[in-house]
Every structure is written in structure tokens, then in C-alpha cells.
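Two complexes come next, and they have one chain in common, subunit A, joined by subunit B in the first and subunit C in the second.
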Partner chain A sequence: MMKTVSLTIDDKQIETQAGNTLLWAALDNGIYIPNLCSLRHAAAPAASCRLCWVEVEGKAQPVTACTEIAAEGMVANTRGTQALRLARNGFELLMASHPIECARCAALHVCELLKIAGHLNVKLNKNPYRKLVHHLPIDSSNPLFNYDPNKCVVCGRCVSICRERGTGVLGFAHRGFDRRATTFYDELIGDSACEQCGECVRACPSGALTFKVSVNV
Partner chain B sequence: MTEEKIKQHTRQVLKSFSKKKGNLIPILQRVQGRLGYLPREAMLEVAEFLGLPPIHVYGVVTFYNQFRLNPPGKHSVRVCLGTACHMKGGYITLDAWKRRLSIGAGETTTDREFDLDTVACVGCCVMAPVTVLDEKPMGKVDPTKVDGLLLAFEREREGKKKQ
Partner chain C sequence: MTTTGVQAIIPAFQELKVCAEAHWKGLWKSGRTVITVGTAACGQAAGALEVLQAFRDEVSKLNLDCRVIEVGCMGHCYAEPIVIISKPGYPAICYGHVNPVIAGTLVKEFVAGDNPCLEFVLGALEKNDLIPSLSEFPRAQYEKKLILKNCGHIDPTDIEQYIANGGYLALEKALRMRPEKVIDEVKRSGLRGRGGAGFPTGQKWEICRNSAGKPKYAICNADEGDPGAFMDRSIIESDPHSVLEGMLISAYATGARQGYIYVRAEYPLAVERVQIALRQAKKLGLLGREILGSNFSFDIKLFQGSGAFVCGEETALIASLEGEAGTPHVRPPYPAVSGLFGKPTTINNVKTLTYVRHIINNGAEWFAGIGTKGSRGTAVFALAGKIVNTGLVEVPMGTTLRQVIFEVGSGIPNGKKFKAVQIGGPSGGCLPESALDLPIDFDSLKKAGAMMGSGGMVVLDEDDCMVEIARYFVEFTQRESCGKCTYCRLGTKQMLEILTDITKGRGKLEDIDMLQHLAEGVKAGSLCGLGKTAPNPVLTTLRYFRNEYEAHVREGRCPSLMCPDLIAYYILPHKCERSCDACVGTCSVEAISPDKKRIKVIDQEKCVKCNNCLVACPLQYNAVVKLSPPGKVPTSKK
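After this line comes the complex of A and B, so read on.
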């Protein structure tokens, strides 16, 4: 038997496997914490999206739930004002370089960014930060799906699932603001070794990867 | 250089390395040292040798400024976009170079005369906006001066032809 620990998140008593992070403990027990960059089987958390802030009793500052290991007797709060302020700020910064065109976005009904906006109560059309978006061409070379790199939030979900279950053609390239999921030499996905399993599309939270025809996801 | 030649050179470099993934960067440096840049075929060879997905190698190559995807030109043009040069309109200078050479940053002209790229502060901010021409920092490079510098190169070339 796996050892379990019990802890409290948002006044709810929960149990989770020892060694689990606070993020997965919460998500597995039906408590939502905004997150984009945490991958369940990753060797180490990327901790790069800065959205998963929670407050833990006994700690002076909020912590990122994806790096905090759930400990016996821990008391965490996902709705503290400090944690939410940090999460909102991180999310607004992220959205400052994400095109807002929900009405004609193929991911409208599965978009995790909209879910996060709702959860954090952030108005997408009232972002305090200056808008700075990319103007890269959309890759529609693959018969199954399209890739709009302008909408990539660099979470790494597609890269990880493509290596695990696909052909491993996806990865990150370029630096700073230009960093994005792409293929070797930025070739068209249709020209790569992609075998169209579609896992990356199902994993993408941001509408960067979308199926050409709507299929049941 | 032909694809075959590129592969040969790359394999030659690979001979002196073990298949440790940590060798990726030293290998890339050595290959670039030999070829002047990292062509597609070279990256594919390296990826296969280390058992890495090619995109992983491409990710590293496009991350570090020291690696080039294009062959170097005879003359190198580096436009400073550091804070001071940015404030003094370095991006306008960059646009002028791009327009005059008809290439983007990180590219080489088809005649292999010039390659263009940006740098972030070369340490002589008082001369902003700075362009480093063949390792020599030039000060107050506005679009007019870009034209002047290119003209000087042209004269030099014509002079050589006459000799």
C-alpha cells in the first residue's frame, strides 16, 4: 500500500499519496487551483506559469502549489487575498500577449484560459498591461489540426505528451518572448514525422492547437 | 557546401566525443567552429548521435546567441539594442540595415557579403545608437550613416576590383 497523508485545503479534509504536490492533491480532490505548466510525470516542476499560488498556514508568503509537497496536517487556502493577487497578476501578464478573439476561436468551449479567467475573476478585455502579441503564420498543414503559435502559452503539455505517446516532433525553441512550441527547424507540422494521434491538441489549454473539425474531446 | 560534406565534417567532430547528452553544447560549438554555422544536416547528425529528438537540438541552438543557423557573411553587422541604444532609436537603425541588406536579424545576404544580428549592449553606450561592424563599434549610427557605411564598403570592393 502507498503511504497517504491527510491535510486540509479550503476547510476540506482530504487524503493524498505521500510525495504528491499540493496542486495534484487539490485537483484530485475536486478543488481547482489555476495551473498551466505542471505535468504529472515530470521529473521536476517547471513552475514557470506562476498561477498556482496558495497560502499555507505557518508560511509567511504564498507558495506555488506545484512545488509544495503535501504534508501531514498541512492547512492550505486557495482563496487567500495574497495568493489570488499574485495569480491574477501572473494571469494578466500572460494574457497581455495572448490574442483575445474568443468569438472565432475553435477552442472556445474547451479553453482553460477562460476557465482560469472565470476562476480568478479577471476581465479579459480590461487588461492593465500593454498588449504585445506575435504575428506568426498559422500552420494548417496537418490534415487533423491547426497550430496557431500566437496563442501558445508555453506550458509544455503538448511537448510532454508528444514525447510520451506520439513521435516526439514537438518541442520548445527560440528565446524570450519568441519561445514557443514548434518543430525541428520550424518546419510545418504536416512535413514532420507527426502521425496525427491528436494527443497534443487534447492537451493544449490555450487554443493554439485545435482540431480542424470539432470532434468529441 | 554540399549536404554530404556537412555530414562528413560533423561526423569527424563527433568522433572525439562520447554519447553523453551533456556533450551537446561542446559538440555544437566544435561543429560551428568547423563549418561557421549549424546547418540542418549537422543538427540532425548530432541529434542522432546523442539519441535526442532533433527538436531538442534545435531548441538549444535557437536559445543561445552564440549559435548561428546561417553561414556567416564576409562582414558582420551587429546592431545594439541594449537599453541606451534602444532609447536612442537602435531599432530604427536595425530597420535601416534590414531594408538596405534585404535580410532580417540572424540572416545572411545571398551574396554572403553581410550577416546581420542584434546584440544587447556592447559597453559603449555614450556612442548610442551603436552598430558593431566587423568587431569595430561605430557610434551614432542612424539610417544616413548606415548608407554611408555601406557606400564605403562598396568603394572598397570596387577599388579591389580595379587593382
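After this line comes the complex of A and C, so read on.
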């Protein structure tokens, strides 16, 4: 029997397994916290999307829920002003570099970015930041799916899942603003060792990876 | 440790010491002149290798009993190549700006003759009646050399010279202490990490020692990458064994069995000198199995970083060492608990490790007696930028910025006015004149918005545009950001876009507020230290030099006349000399032509603002000026 801890998130008393992070404790209990990069069984949190901010009583600054271990008696608030501001700023930065073409996007009905935008009440067409998008060619070399690197939010889910369940052809490359998920030497996915398991497409939250023919996800 | 182990240490070390001292004495054999040439990277860049060769050629040509040896950097980088000639009967004399011709002259006149060639002298090393000594320089009263003491005075490729000058004595002493006692000594000394953040070193070691997991690792972080910083490079090039000794003591204290020195590959000379030092230390039994006959075994490997600034961040450095891409991870767990390959690991900066031997030799109280309450010991700075005496300085913590810049560094060259000092590189900030009387320590610099950083100090004068400086540093961090986390990847990019617009005269007033908002967001939201500190140059320039931002935006004017898009070159007709054509010939785009009266006029359409005409215009005319905004140029009638 695993030990459990009880804590309060958004005035709701919840219980979770000891060692769980705040993020998964909340998600498992029906409390949504925006997140893109977190994977439940990852050895260590990537903590790279910087969206899952929560305010924890006793801490001066908001913390990322994916890196905070749920502790007995902890009181956390996902709707605090500071936490929401950090989450919104981060999300607006992501959206400023994401082409907004939802109507034409194959991922429209599964898009997690839209879900986060709704949750944070961020207007996609009213971004305070400059529109800075890449203009990279879409890789449609794979018979099963397309990869539009311009829509990539660098969450790394596809990279992790490809290493775990696929052939590991996906990885990160380039620095700074140019960093993105890609293959070794930016080779076309169709020319790589990809075996088309499609796990990366199912994991992608942003519509960068989409199936060519719509399939049941 | 068994008692036999402890007993073996003293005679084993004594043997090395006797041998080294004999070697050192042999070098200074009576009647012989010794010439030392500083061949650290700064010296080599100024031509020290040619000077070295010239000395050797001349000495062998004249068949003199004279040794010519290579040493590291003395810190007076502005006067490189630097040579010290120690001739019996004379004080040791230091010569600056030596070239092969001067080298030949010095050998003929001074080594073979009796003329110390006073015209080339920088200063004598000790007080004497003949020549002013370096200790009488104004800077000497502020300097206190602990970790730079050997630099420029011993041959970094000769371990015996290091041992003869007190080297590895602290290791011998530490090995006879209990590891807990070593940690206690370092803790009580108050030593804080010199890599930038200032974490107490002893505490870090203690956490590592008490953490479960074997083997433990000790890493020396020599991935110095700040623009304008070269302290670590200089120490490694000039005194590599002091770093090894620090690592050995730290490993003994924490229980580490394997060490790594992470040097950036762009420091080839440092890499070479570490390799030589490692080889020599192994040969003498100071590295490897059962060091000095004790039970302590420790080995060090050199690892070359491949040019990523972010790998100076400790978790990224560990990822790089593990063979992964150099991207940072979330802390905690801190490396002292779970670091390299998931094992407890200490990561210390080069300078931090170099202090250790002095603390062990002289005691915690001695070290704690130097500096200020919160920041013990000395601070090492690389002075660069608009300062007369560029180079390395070591001053006690608590010395003011004014003393370092104006006394030690001799102020701003060419009679220009001081504007700001950029401390701590891309993570630091720009402090204005009003901050000059701040004592230098970890906490007061942080309060002012800058940070100690690793010790780069770039001085800026009235010709430097603060917006451009901020843009330069943000461009640097954006290019060097690994891109892993949202805030650093995209926030710095957004900041860079705004700053670029402002320097090009396209900025709007609301951009300044947006910049502030972005900078605060990136600072609060980023994953690692690189992102968290990247906005500092922007935040400090906004705090202290907001008027410059506003001048760019409101008036399209660059107050420092630096931003090319906001200035125009103009030739003052009343100053231009009719018979002179200097500017015409130097203009690369043929934008300058004489009018009917042979007064030269710049075609603003063609001008690419290369600055050539301003440089070419003879000083007695001084007719070319920069105007900002460009609209100030009177419309010319051709």
C-alpha cells in the first residue's frame, strides 16, 4: 500500500500518492493546471514550458507545479494573481510564435493550446507581443503524418515518447529561438528510421504533428 | 584513515619538497641572470612568443649564462608582452611592451652589459634606489594578491616551481586532517563560490559529503564564457596546479574519487597547461592511487566544452559531461545531492578552488579577516573596456568600484567621461556613476541590480550607448540560450526585437514599458540561471539610463552618437581645409566629394557610416562630426 498525503488545492481537499508532484495530484483530482511538457512517467520533469505556475502557502514566489512535490498539509492555489500572470505571460509568448490558423489546422479538435487559452482567458488574436514565427518548410515526407515545425512549442513530448516507444529518431536541435524538435541533421522524417507508430502525433499538443488522414485518436 | 597512511604523508611530501627546492635554487644559481617572459594568452596575443624566441636567440648568440623561462600573466595585460629580468646586483626589473627588437637590446645592454635600459621599464618588483617599484604604483595600495600571487612568477608547466613556492603544502596538511575538519575550516572561513551566485563553499561540500551515493565526483567549472571576462583562463594558464590542489582538497573533504575539469575548448592554451599539470601531478604521486602514501585516491580528467555558454550553468555542464546536449535541468535536486550520473557532485569555480589552499595553509580566521562581513576574502576582476590599465586585479572584498576603476585601473583613457560599469557579464548589470562608491561584495552589487558574476568588469564611457549595450548582451544571451524553456527562448527574443527597433529609431514609447514587463517576466519565469539573469542588463539600463531609451524613442536621437541609424556624419564647412583630401580617399563608398570651393561634402544617401572619414580627418582640422538625430545635418546646396 502506497503512502498517501492529503493537501488542499484551490480550497479542495485532495489525496495523492506520496512523491507525486502537485501537477499530477491536481490533474488526477480534476483540477486543471495548464501544462505542455509534463509526462507522468518521466524520470525527471522537463519543467520547460513554464505554464503550470501555482502559489503555495509559505512560499514568496509562485512555483511550477510539475517540480513541486505534494506534501502533507500543503495549501496551493492555481488561481492566484501572480501565478496566473506568469502562466499568461508564458503562454502569450508561446502564442506570439505560433501561427494562428486554427480553422485550417488539422489539430483543431484536439488542440491543447486552445484549451489552455480558454482556461487562462487569453485571446489568441490579441497578443501583446510581436508575431515572431518561423517560416520553415512543412515536412510531409512521412506517409502517415505531417510535421509543421513552425507550430512546434518545444514541449518535447514527441521526443520523449519517440525515445520510449518509437525508434528515437526525434530529438532537439538548434539553440535559442531556433530550437525545435527535429531529426538528426534535420533529415526528412520520411527518410529517417521512423517506423510510423504515430505515438508522437498522438502526443503533440500544438498541431505541429498531424495525421494525414484523420484517424481516431 | 589508518595511522600508517598518515605517517607516510610527511616523508613522502618532504621528499618532493626537497627535490623541488633544489630545482628552484638551481634556477636562481648565484651569478646567473633569469629572464621570465609572460606567455599566457594575453601575452601571446601581444607577441610574447616572438619575444621569447628573440631572447633565446640573443642569449645563445652571445653565449651567456642566462635562463629564459616562460611564466603566466602578472595581471598587467595592458603592458604585454611583459618580461622580468632578474640580474644579480640589480632588483628584478619588469619591462612592458617588449618586442623582439627591445628583447635583443635588453640582452646586449643589460644582461651582457650594465645598462638596465630604463626607457623600457615598467617597474621593479621590489623597492630599491634605482627604479620605482610596482609596489609604489597607486594600484598597489588597493591590491591584495592571494590567488594571483604565483601568476606571472612561476613557470606553469613546471610542477617543481609550484612546490618550491609552497605548492601542495595545503594538500599535505589537509590529508593529515579529518575530512570533516577540512570542511569545517572552509565553512568557518566564509568562502563563497566565485562562479557568480556566491553559495557558501563549505556548505556545498558538507551536503555532498553527507549525501548517500557512490562514487562521488568533484568538478571544476572552467567554462568561462562571459564577454570581457578572463580570470579563470588566466589562472589556469598561469598557475594550473593551484586549481588541481584545490580540487584534491575538495575531493578529500567530500569523499570524491573522480574529478573533471570542464574547460571550454576555445581556451587551447589553458587546455594544454592543464594537461601538462595533470601529467606532472600523476608522475609525482599527487594524483591517482594512494596520494602521498595515504589512503586517499583521486584522479582528474580534462573535459573540453564545445562552445556553449549555457554549459557554465552547473546542471547543463553535468548534462554535457554525461554526453547529453548541454541543457539545464530543474533544481533541486542540487548536484551536491544528485549530480553527475545521479551521484553526489561538487561543482566549484576555478577561483573558488584556488582559494582553498590558502585557507588550509593560513587558517579560516585569517581568510575571514579579509573582506567584508558577508563576503570574505578577495575578489578577482578582469578589467576591460574603456579603462587605461586593462588586466587582472585582485582586491579585498569591500573595495569600492571607484577605487578599482580609477585607482587600480587608472581611470578612463583619452580624457573621456565615465558612464557606467558593466559587472558580471550577460548576467550582470550596468551601474552608473552614482553606484561607484558601492563596496564590492556579493550582496551590495545584487542590491544595485548587478551581480558579482564571475568577475568581468567592462567599463563604459560617454561614447557607449546604453541601449546598444543592453541590446548586445540580450543578443548574446538569446544566441546562447539553449532554447529549452519558453521564457528564455521566446522572452529574450522578444526583448531583442524591441531593443533592435529602439536602436534603429523604430521604437515606440510603449515599447519601453513592454521591455520592462518582458524583462521582469523572463527573470521570474525562466528555468535556469541563464534565463533568470539574462534581463539584468536591460533592467539596470532601464533603471539608471531610462533617459537614453527615451531619447532614442522620442527624438530619434542617440545621446552617445553610437547607433548608426540615428546618427549622420557631417563635415563642418568652416573647419574643412580646401587642400586636404584625406576623407575623400578613405571613403569606401565614394560618398564624399568637394564642392565648388573644394569644401568636402558627404552625400548622406550614399554614406554607410563606417567612421573612416572621422578617423582620417587630420587632428588639426577636426572637421568631421557625428550628429544625432540625422535630421540635424544642414541641407547642403551643391
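Observations, loosely collected:
Keep this in mind: the second predicted complex is superposed on the first by the 217 of 217 C-alpha atoms of A that agree within 3 Å, B and C clash if a C-alpha of one lies under 4 Å from a C-alpha of the other, contacts with A are read in each partner's own complex, and residues count from 1 in each chain.
In this text, a contact is a pair of C-beta atoms (placed from the backbone, for glycine too) under 8 Å apart; a residue touches a chain by one contact, two chains touch by 3 or more.
This is a predicted model, so every value here is computed, not measured.
Touching more residues of subunit A than its counterpart among subunit B and subunit C is C. In the superposition on chain A, contact of A:3 is made with neither subunit B nor subunit C. When the two structures are aligned on the shared chain, A:89 is found in touch with subunit C, with no touch to subunit B. Look at A:182: by the touch rule set out above, it reaches subunit B but stays clear of subunit C. Look at A:41: by the touch rule set out above, it reaches neither subunit B nor subunit C.
Within the superposed three-chain model, A:172 lies in touch with subunit B and with subunit C [touch as defined at top].
Once chain A of one complex is fitted onto chain A of the other, the partner contacts of A:104 are absent, as it touches neither subunit B nor subunit C. Looking at the shared chain after the overlay, A:128 reaches subunit C, while subunit B stays out of its contact range.
Residues 172, 174-175 of subunit A are contacted both by subunit B in one complex and by subunit C in the other. Within the complex formed with subunit B, the residues of subunit A that make contact are 163, 168-175, 182-185. Residues 40, 43-44, 53-59, 62-63 of subunit B are the ones that touch subunit A when the two sit in their complex.
Within the complex, the subunit C residues that touch subunit A are 308, 325, 327, 329-330, 478-487, 489-494, 497-498, 514, 517-518, 521, 524-527. The part of subunit A that touches subunit C in the complex is made up of residues 44-51, 53, 61-62, 64, 67, 86, 89-90, 93-94, 96-97, 128-130, 132, 153-154, 172, 174-179.
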